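Think of it as A, B, C, D and E in the order they're written, each chain with its own count starting at 1.
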């Protein structure tokens, strides 16, 4: 059971910066992308991060959009520095480092903080990979925090770089939308991978139900329950986001886009629900198939038994060693008894056949 | 599992015109119908579509209603041209080409965009056919986008042509209502076809449960789950539509009609739910029937065994070759033993009968 | 599966008067009752219905209440005439003729239109009869449309005639209440009949579970699902009715009465739900009883087998024809072996008894 | 199935005073308690009730609180008299006499009318007793109607008499609160009794599942469903009561008390729900235990069979009477065959043991 | 079944101070902590508690925060004294002493009263310990009431003492937040312990399902149901708390913190729900595994039977003692019959193998 390990934080004050989760990269990597319609810069921040951030943070007077991406969340120092530079609430700093949160959206005065699960499918391992990503949408900037170096945001990055579409003409809220859209599009990947596994299992269930182990269904159901746990709160999150009325942070032009990803996330979460119900139905069928199989075996057993046990009894009777068994002396007794056995066996076979036991 | 293939769109910007789905017609066919009470024109647009559309789009000063129907969605060029001509939001253009959307309604400033599933029953293949249709209701025009050339809208088309009823006296919203009504009326066709299959299966379940394969029930349940996935969001969609207050697009006179199709769609979706519950109940009965059948077989097996195994044992005893078995010499021993066997067998039969095992 | 046959209406315009359902009477019978506190008239309308209705419809200046009851819905002409006389919306006219609607309430500007199911229990056939009734409550008049000549409204009719209670002192809304009350009171009849069948089945299930066929439970569950489908929307309908604020149609004095039938319909629908859960529990018990029965049989089978098979084996050993089997020559061998068999059989019996297998 | 018998009322007008339920007392007993802080009177009303009530009803100018309790509801005359004296709505009068109502609260202009179920546990009969009580809270008076003489309200009565606590310092609404509190406290009694039965059954299920009859679980589930039917609407009722804003009837000082009993009733109804789920889980366990038991028996059967049937076959082979069976003549054949049988039997035993079949 | 024992309170007036629950400490221990940013005092109150409280209660003019913690709730005298000193509503006093309440929040005019369950995991006993805690948040003070001396609040206490973080710079509402946070953090401990047990059981279920007793699953499900009963109302409670708008008691600066623990409690309660569903799935798998196991055994049984019973019958035939059985005299009869037996046995084995029965 993939259980959260929140217990490490017990007895710590709120805002305490403790990393909860596995350490997936060696050192955090910070990339700062800044752009306006006609300009674009991308730097990797190293050395004295606080200083670098301080320099960057002087940008509000500029009209540019700043996107700061952090890969690797285990260093409190880094998170602390970013938190200070962007004036984030202590609870935001804390939550960024906790990789086992439920997807959620918190509205603060100067920013919107979102926690989401990123889903991907590892074809080699045949399993769904879940990673947490935090997004802070502020006035003129977007911060993203990932557990490891990933490629989910790569497409967005290259579109910003190439000034493709209207992304460089829009504000930070549109960037946030593009990032959310990239995350949710990956949900479909995970879901399709799962659907394919379900499909294969379903086929095997129809063809050779006795080869399927109950365990496989259970593992799949857990996987779906787990997916649901990641996706359902995201639905609620995006719904809240689409309803936020904060013209400072979210411009009206972006609203249809937020409604659009809301539609997507609703579709994803309904597909998860659908898969869950299909799995439930498959379990029923699995049970029924096992019963059917067993019935078939039982029937044959009962017929073989019902035919031969009475015949064996007859043979047993004439195998008794009583001195006075007049039938034994009759010359035709043996063929008559054999014929009688044939009749009895045939009668039982006919009777069971008529009863449709086989 | 009929899974959506949304993954083709990953890493593409919003509004990217990618066709998702199967290509069902060779070339898109565009039909433009324009009417006022006293006049009607129907043209098929070919050649330079952009030019043709541009010409058509000059109509707002006219009081006519324009209905543009597109069969075949795989050509981005066509959709692009229409999108520009009617000033559709980029997200609408994108959604029109994605045939694997969940039914939804999006309100834009100048139009209402609806995605619905069209259901039909293919008698030859004995399966329900699902096709997506998009409807854009704008000020003075209705655009419909279908995957293939179909006949669902044929009745509406001929009524417009014949000036039957009040359709040519009403605005574009009434035309949209008539189209939605045509779609939802076809839901009943699919549902009835399904209900008939359920009925036939139910009868077979009552008569010869052992001839029913668990798989058949599973396939039916999946079909119902799939139907529900198409119909339930439509219920919500029509509900939203009936509540929209936009006098520019929806005139008060049409409101009762929207409420009316809402009633229809509620009825359809409740019928799906009902069918689902009936199927659930049938599965229970199926399990019970199998158990019953097996019990019956088991009982006979147990009785045959319980009667003959002890008798065979007695026969076995008197078949032993001990030299000193005084009974064997008795002249009456054989008939006595036979009679004893009859008694014992009879007693067991009577006992099991009294216990109601058969 | 009692499925709706809405498909006949496909491709027809809204308001098209097509009768959907079975024709249950020969010719429609129209009864017009008009009353004020001190006067009462009851006429059966025949001949030129339009004329008759036109005459009647001149009554608004009078203070009387008009109750027009129609038995038999298959003649579009009649419905058309009434619809015109009372200025009913085309959708109302259409819905009146469709006897397979879901119970619903539509508010129009000048009237309230209600569709309900009337339930009755046919003692002879042992089945619940469902009939649709439509009620139109307008300013000063109530129209009722029934599929056949029934006696559900008889009591109301006679009270109006006899000027019993306050019915002749109240407006049309009170008459509508009395009619709804009569319909919902009959729900209790159907429910009690059903409850009695459930009771009888439950008793049989406790006494002789193996005599109950799984099918009986299934039929009952379908019946309950069907009842629920008729009653649950009625609950919603009456709830809406109780909240309508239209002083023209519903006077404040009648509100407590509407709340009262709301209580009734809630009670009915909870009873249906209750019955459904009891049936679910009965199915569980049924399964458990079958398993129990089978276990009992299995146990006896296993014990008989476990006792006699080893004994038969021993007998078989001493029935072998080897020349050199020294035991066979011993004079006491036979009784010793018999005694050993007794011991072994007893030991197995004692062991299985201690294990509580019987 | 404890079904309501509402059918007696069919075709009767609203407000018709018909007693529905069993007659549990000989004659109705009416007790009138009147008190202010410094004074208290308690009279049993007999003789001409109308006159007595008329006298009492002249009290509004006094500041006292009047509590009229009626035990026994089968006499329309009494209810009629009280209804007139306190100016109760006809529907209230009718509902008081119908002991098979769903718990509900109706707000009338001059009073609040509540119907509740009173639960008690009969230790002798080991069953939960349900009785209906109606409470009318008016301006300066509380009327209570019970089916029989009970002791649920006794504690309240004696506190009023003894002027204990602040009851005599408060208004009628506080008295109503105390009465409701007494009723709901008794729910806990019923629930604990039920919980104890469930506990006992659970223990038996863990120890000797084969001694438990499926029926017992069913009866318990029905009991819980029945309890729920009585308690859940009470939750809603008290919730409504706590939200009523009618300073005439409910003073702000009493509000926290109403919220308090709301907490209680929520706790009770959640406990019922909890018990229901525990019972559901117990049923699952019951099924599993039966399967387990059966498996155990089946295993032993299969092993005994699998060991001895092949051995018996060998014995049978050497019991054949062919003239030319060379083995039979060998002096060592018998011990060799016996040893081979031992080996084969042992091998099968070892194989099945390794397979963990026993 | 851990059932509440509310029945002790029946017939007692509201506000009656009766201790419901087990007495877990000898004498109540009262600790009074008072602090401002620059000062801190901690006293244990003994001797004349009323006097001590009176002295303390004179603090409103000071700007300090007072935290009064009571361990041990069985002495009405103490609760009474505190209740008077802090002017608590009688219902609050009563509820503090009742340790079997459902988690709830009551808003009074001068304070907010909360009842919560504290969960801890006893590693030695391998069971979850539930304890009730009441928190009163007033203007400038927080009262906490625990059943026994615990260490859940210890971390908060030491942070106050050490002036760590901002706790001494904030008001009483922040202290309340820290206490709630400490309680809810412990929910994760209980949940993880439970998850580990579920994990272990799941592994055993996959490896050796026949070693798992149905009872273990049942006990676990009850445990989860019990946890849910404690946690779910807490979710609602914290939600209400986060929405309270009472600037006197809750300052805006603390709101994000309340929202934060709301997120936590939602996460906990979803994890409980998740665990419940996983357990449900495990039960299904358990049933399926048992069926599978049984099928496997049944198959082998049926094959052994199906092979040897016909062979034994043949041996029985040639063991009959008829005088005239010509085959018995043939020199090759014996080997031919043996070979025929081999063929028949092989054929049955091949047939059953092809049918995939083993």
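Note that a residue touches a chain if its C-beta (ideal position, glycine included) is under 8 Å from a C-beta of that chain, and two chains touch if they have at least 3 such contacts.
The structure displayed is predicted, hence computed values, not measured ones.
Between chain B and chain C, the least number of touch steps comes to 1.
Note on connectivity: the fewest steps through touching chains from chain D to chain E is 1.
Taken over every residue number at the interface, the positions common to chain A and chain B amount to under half, indicating a different-residue contact. Note on chain B versus chain D: their Cα superposition corresponds to a rotation of 145 degrees, in steps of 5. Centre-to-centre separation of chain A and chain C, using mean CA positions: 42 Å. Once the centre of each chain is set as its mean CA position, chain C and chain D turn out to be 26 Å apart. Shown for chain D are the residues in touch with two or more other chains, namely 287, 291, 294, 298, 301, 305, 309, 312, 316, 319-321, 325.
If the chains shown are joined wherever they touch, the resulting network closes on itself as one ring, and no chain has more or fewer than two partners. Think of the chains as beads on a loop: from chain B toward chain C, the beads read B, C, D, E, A. Against chain E, the residues of chain A that register as touching in their complex are 1, 3-7, 9-15, 89, 91, 95, 101-102, 104, 106, 108, 208, 210, 213-215, 217-218, 221-222, 225, 229, 233, 283, 286-287, 290-291, 293-294, 297-298, 300-301, 304-305, 308-309, 311-312, 315-316, 318-321, 325, 327-334, 337-338, 341.
Those residues of chain A that touch chain B in the shared complex are 154-155, 159, 164-165, 167, 177-178, 181-182, 185-186, 188-189, 191-192, 195-196, 198-199, 202, 206, 256-257, 259-260, 263, 266-267, 270-271, 274-275, 277-278, 281-282, 284-285, 287-289, 291-292, 294-295, 298-299, 301-302, 305-306, 309-310, 312-313, 316-317, 319-325, 356-357.
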